[in-house]
Amino acid sequence: MEHRSAGAGPGGSAAEPFVRIEVITKRFGATVAVNRIDLDIQRSELFCLLGGSGSGKSTLLRMLAGFEQPSEGRILIDGQDMTGVPAYERPVNMMFQSYALFPHMSVSDNVAYGLRRGGVARAEIRKRVADMLDIVKMGDYAQRKPHQLSGGQRQRVALARALVKQPKLLLLDEPLGALDKKLREETQFELMKIQSQLGTTFIVVTHDQDEAMTLASRMGVMQDGRLVQVGGPRDLYEFPVNRFVARFIGAVNLFEAVLIEDEPGHARLRCAETGGVFHVSHGVSGTLGQTMHLALRPEKINLIRDKPDGEENVAPGVIDEIAYLGNLSVYQVRLDTGRLIHVTLPNLDRHEGEAFEAGNRVFCSWGPASAVVLPA
Amino acid sequence: MLRTGRFVTFMALAGLMYLYIPIFIMMVLSFNGSRLVSVWGGFSFKWYGELFSNDQLLNAAWLSIRVAGFSATLAVILGTLAGYVLTRFGPFRGRVLMAGMVAAPLVMPEVITGLSLLLLFVAMEDFIGWPQGRSITTIVISHATFCMAYVAIVVQSRLAQMDGVLEEAAQDLGARPWRAFIDVTLPMLAPALISGWLLAFTLSFDDLVISSFVSGPGSSTLPMVIFSKVRLGVSPDVNALATILIGFVGTCVFIYSWRAGRRMRMCEDA
Amino acid sequence: MSAQQRLNASPSPARRRKSWRLGRNSVIALPYGWLLLFFILPFAFVLKISLAEADMAIPPYTALVEWLDETTLTIQLTFSKYQLLLEDGLYLSAYLNSLKIAAISTIFCLLIGFPIALFIVSRPAHARFFWLAMVMLPFWTSMLLRVYAWIGILQSNGLLNTFLMNAGIINQPLVLLHTDLAVYLGIVYSYLPFMVLPLYAALEKLDPALLEASADLGARPAVSFFTVTLPLAVPGIIAGCLLVFVPAVGEFVIPALLGAPDTLMIGRVLWDEFFANRDWPMASAVAIVMLIVLVAPVMLVRARETATRDEA
């Protein structure tokens, strides 16, 4: 990790990160929930923390909100050290996974709650609540109680309540987790629109990779309390740093292979599982004879009936099963070595005519830029 | 919904009859013109008349109402704090002891509670000169102590259902902890506090044993007066008193359960 | 005012933390102090007085610590009350009799209460309130008055005897009141709601699909009851039995009103030692022994239960 000079004044220049998480660790008794995480988030960014349950993502979020204190390290928001600052004095608001709407207050009272605590004048509260409810399209429901709203409406009220104080940072804990699939897709885009409209910095915690990929300008993958990789959606999908990230984001075929040639422009690896040789169009920093891992996404493999030219980046097999998903089909191919791999192909033709069938003998082939070599 | 056979229904209704027949008989007897239970002396309100001219019973009833009101209020304050501390404050030194002290009165025989509190009051009077003798004060303190355990249990179970996320949400929006308690926790707890208060009132109003130990001369509660009367046998004006009490409580309970049931049905339909 | 200025205006983290801690501690201290003073401390005095002798004084016991003259302090402890507890068969048989009566009553409460709880759970959700209220209503009314109701039924010229004689079943009145039978009837009657409520709470959580699954796998209703319903109701059964058994052991009102003069129950013995004999040290010794043999084991069981529940 690079070393940064501490103690810069508030406000910050363009180079100064808006939220700085400085090597923080959180222990609960003997378990380490968050392990030495170091992360910078820029102003107006929509950052997603992605991880499975128990990965520490929610604990990290709760430390940002002020519900938990880090065991080590510190958090700075807009240059201010947040150590010892309780939740009710932080310029941060949170949208809870369960929404946590106060059931005994109406929609507008829920939204006004934070402003009332901040000592804002009555007239202004009324105006800001009305404006915010319009932004989330809940203006007509201001007098309803939370139990009279649908899941999607509750979600929007929770968002309005968290945003109306104009926090410097908005934390969203599984913001779409309680919605059904269709509503979730619509809401994702609405959330992004509101975020770019208001310019607030968002940190979203989710276990859903599709949600993270759609929402985030940048995302971080967490595993066992550690931040494994940070980058844009494309970086994480195409250039995963290890097998965990490759498997966590999207479907993947993973192989073990031995490095047999390593040049600056290309490398070759022999793979017992495919019974052939991988030719990749980039150099690998490793020693010859070393065992490495290869990740090959299902959509980057092509199926052909006739044996292609050349012996590299190809594997013969028989189609075992086909799952028709509408826009594409997933083929399970048993290679001659016995290994099963997944291949997806778009369904370009509406007629069955030329389509593959189970039992067909096929050749799986891919290009030199398709497979990723993983160090671990 | 669980399905059960005819046998269970029969046994359940028989069990409920066991609960209600004595009460029903007592209510009927309160209108019996005769003093003897086995002789029907015609329908009469005369025991009600006798009841309302019995100053001893009326004074005791008024004392019991005051004692129960004070004790229930004190028990709700202390019990709410205890329940809140136990569910929301996380670990603190002595938490286990506190949890034990809150649970213990539920299984403590009343004779022990009564005796121990009396001995405490006697010793306190000896050392610090307070409380001077036994009075309504000592009864209220004793009742509040055993009732607060019941309130704490009611509050604890309600808080456990609520999970702390609403209070966190209030703090996240800028409310200090006490403000979050007033704005969010208390309104959510209100039904539990009301039923806790009613429970404490009932327990205090009904208590005979503890009051007998800690009350002084001139502060006889209603159960104490009833006990000394019925020890000597059936007393028809006590039947009348019981009928009034049961009628009052029954009306309240059924209005409550009818409303709760209707609310449930509305939720089911929605 | 921006959030920035607000932050600067507010007290330093250290001071804020200190005032927060003070607030938190005082919230803990109030109920804690109350319970220590009025629940734990009294037992110290019970223990102390159980080691004194009865005396014709106010209060009626000897002081343990006394100034003989200006300089000499004497401490007089006597275990004579405990010795008497062990030697006089009356106390031992009162303890044993209380345990027996409480145990048998608890079993009958369970047998009568279980069908009631099952029945309530089998009602539609909106009707359950009504049936629960039916069970709870007696609990909300005076227990003393409900016990009293049995006197009119059971006494020799009471309703039951009159009915049986008029029906020609018996020729002369049975002795029902002031018997052990009356005590059992009274205890089961009074404590039944305490059994039904935890049973109901346990059965309500039972997923009906489990019974359907068991029927689907070939179990007759009776088999389903013993293999599925009953095992899953065990926590409720334990809770209900504790709520009935423990107070029943120390019960005073029911044996005093319905029992025979020789129906010995320990709560009544304590009462009589205190009020009739004015032997405060003896009453205290009885209480201490009851605490040790009855309340302490129950508390331990409960503490272990909570501990295992917290771990899970």
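Here are a few things to note about the model shown:
For reference, chains read A, B and C in written order, and residue numbers begin at 1 within each chain.
Rule of thumb we're sticking to: a contact is a pair of C-beta atoms (placed from the backbone, for glycine too) under 8 Å apart; a residue touches a chain by one contact, two chains touch by 3 or more.
Which protein is which chain? UniProt says A = Spermidine/putrescine import ATP-binding protein PotA; B = ABC-type spermidine/putrescine transport system permease subunit II; C = ABC-type spermidine/putrescine transport system permease subunit I.
This one's a predicted model, so the numbers in the text were calculated from it and none came from an experiment.
Among the remaining chains, the Cα-based centre furthest from that of chain B is the centre of A. Across the assembly, the chain pair joined by the most C-beta contact pairs is B-C. Chain A and chain B have Cα centroids separated by 55 Å.
The mean-CA centres of chain B and chain C are about 15 angstrom from one another, to the nearest whole unit. In chain B, 177 are the positions where the chain touches two or more neighbouring chains simultaneously.
Residue positions 86, 89 of chain A are each in touch with at least two other chains. Each of residues 20 in chain C touches at least two other chains. Residues of chain B touching chain A in their complex: 165-166, 168-177, 179-180, 183-184, 187-188. Chain C makes touch with chain A in their complex at residues 3-4, 6-7, 10, 13-14, 16-17, 20.
Residue ranges of chain A in contact with chain B, taken from their complex: 65-67, 86-89, 92-94, 96, 98, 100, 102-104, 113-114, 117-118, 161-162, 165. Residue ranges on chain C touching chain B, taken from their complex, read 20, 23-24, 27-28, 30-32, 34-36, 38-43, 45-46, 49, 59, 112-113, 115-116, 118-130, 132-138, 140-146, 148-153, 155, 157-159, 161-162, 189, 192-193, 203, 206, 208, 211, 221, 242-243, 246-247, 249-253, 256-257, 267, 270-271, 274-275, 280, 283-284, 287, 290-291, 294-295, 298-299, 302-303, 306. On the side of chain B, the complex with chain C involves touching residues 1-5, 7-9, 11-13, 15-16, 18-20, 22-23, 25-26, 29, 36-38, 78-79, 81-82, 84-85, 89, 92, 94, 96, 98-112, 115-117, 119-120, 122-123, 141-142, 145, 148, 152, 177-178, 202, 205-206, 208-209, 212-213, 223, 226-227, 230-231, 233-234, 238-239, 241-242, 245-246, 249-250, 253-254, 256-258, 260-262, 264-265, 268.
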